Amino acid sequence: MARILVSEADFDAGAEITALTAGRTDIGGIGCFIGTVRDAVPQAGAPIVAALTLEHYPAMTERAISRITAEAERRWSLLGCTVIHRVGRMLPGENIVLVLAASAHRQAALDATSFLIDWLKTKAPFWKREDLADGGSVWVEAREEDDAAAARWQTK
Amino acid sequence: MARILVSEADFDAGAEITALTAGRTDIGGIGCFIGTVRDAVPQAGAPIVAALTLEHYPAMTERAISRITAEAERRWSLLGCTVIHRVGRMLPGENIVLVLAASAHRQAALDATSFLIDWLKTKAPFWKREDLADGGSVWVEAREEDDAAAARWQTK
Amino acid sequence: MITILWFAWLRERTGSAEETLMLPEAEITVAALIELLAARGGGYAAAFQNRRTVRCAVNQEFAEPEALVRAGDEVAFFPPVTGG
Amino acid sequence: MITILWFAWLRERTGSAEETLMLPEAEITVAALIELLAARGGGYAAAFQNRRTVRCAVNQEFAEPEALVRAGDEVAFFPPVTGG
């Protein structure tokens, strides 16, 4: 039931919200999260991150995301669910990921939104590389706090 | 710093997100919640709620919302915050409320979004009246679970 | 003189959205003001029938029953809020 | 014959995005396959230098070290994921 899209193209969050809710009168709340390319702003103000490159495992990516959205739909009564994840090269300020979850009640929509982004960050085959202003590049390391955030949902 | 708007007019969530994030490279995540008029769908399918009327206390409303956004900004490092609440008469499916919270990291953005809507529901002077399809009308009663949701944030 | 505002179903019960009142003393508590208004009977008594469902704001700030009301204040009565 | 895919910095270390390999036995564990590949030395040894930072998928499903690999399988090695 979820709309899943993995694409190099940017997305339009407003258009996705409209598409999810158009003509519906059973939805009471829509939760949304948008992840964007953040420049690791130094004290001085010069940009550090020139670009972010998102690599993925094409044969596995949509399947992994489907697993995650199916799990969200199993846990909450969702009336709509959208996950869009970009791949390729993105500049600071650009969109990376969009998560939408609609439900009759707000708590389900908000909880599902948090769950979806927590699991996307730890269970979908994407890897971020930061291309630095000085010409170098570094692979972003997985963060323990992301694992901890994902683990919050294990006990439910 | 927050953008606060109380208006009879509908809002455009996508345009608000764009306005909040345009030209910014310090934002890493945007949390969003949209509340919509839900028809209390009966088994049969005929609409029960013909319209929702939102009454408020104009002299107090923006002040109360400012208190809530200021508290969110005190608790989390927000890089942007928007609260739009409609008043007047709305049809099923229409937008009621928009909350946006932007931060460098997703957890702050998502937590602030939940906090803002929880406190808006319990600490801002709005009252909902459902105009029913049969011609009657009922004032929506405050829900204990909304108080409980708001109280979660008291201990922090 | 104070201004009294009524919202939602309290307004429907009192039949009044806004009125003014001369205080009997220089300052009284919100609780005492409620007694004064409820004693009018009719829709006013009905408005305060279940006091636990009535909230108050004095000068646009939420106020507890022990809060003081003075001449010039704007006092609002309303049900628990249900926006969002 | 199996297909092996390398992603992110593992691909950079091995210098290979995709390769094929004839299995020495009908089926081996992911752990044994890692030993086999690391024993090649050079970039392959470097890729598996810290085994705890390497994840594996067999036929597009996350796989633990004890999972079995058979002819025809697609085995992918990559670092912990960092999308979202």
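For clarity, chains are labelled A, B, C and D in written order, and residue numbers in each chain start from 1.
FYI, contacts are C-beta pairs under 8 Å (C-beta built on N, C-alpha and C of every residue); 3 or more make two chains touch, one makes a residue touch a chain.
Nothing here was measured: the structure is a model prediction, and the numbers come from that model.
**Q** Which chains make contact with subunit A and with subunit C at once?
**A** Common contact partners of subunit A and subunit C, which must touch each of the two, are B.
**Q** Which chain has its C-alpha centre farthest away from the C-alpha centre of subunit C?
**A** Using the mean of the C-alpha atoms as each chain's centre, the farthest one from subunit C is D.
**Q** Just how far, in Å, is the C-alpha centre of subunit D from the one of subunit C?
**A** About 72 Å separates the centre of subunit C from that of subunit D.
**Q** Averaging only over C-alpha atoms, locate the centres of subunit B and subunit C and give their separation in whole Å.
**A** Spacing between the chain centres: roughly 26 Å.
**Q** Report the inter-chain centroid distance for subunit A and subunit B in whole angstrom, where each centroid is the mean of the CA atoms.
**A** Distance between chain centres, rounded to whole Å: 22 Å.
**Q** Determine the centre-to-centre distance between subunit B and subunit D, using the mean Cα coordinates as centres, and give it in whole Å.
**A** 48
**Q** At least two other chains touched by the same residue of subunit C: list those residues.
**A** 84
**Q** When you check subunit B against every other chain, which residues touch at least two of them?
**A** 35, 106, 117
**Q** Chain pairs that touch, all of them, please.
**A** A-B, A-D, B-C
**Q** Under the touch definition given earlier, write down the residues of subunit A that touch subunit B in their complex.
**A** Those in contact with subunit B are residues 12-15, 17-18, 21, 23-39, 41, 47, 92-93, 104, 106-107, 109-110, 113-114, 117, 145, 149.
**Q** State the interface residues of subunit D toward subunit A in the complex, per the touch definition above.
**A** 5, 7-9, 57, 60-62, 74, 76, 78-84
**Q** Which residues of subunit A touch subunit D once you look at their complex with the stated criterion?
**A** 35, 54-57, 59-60, 63-64, 85, 96-97, 117, 120-129, 139-142, 146
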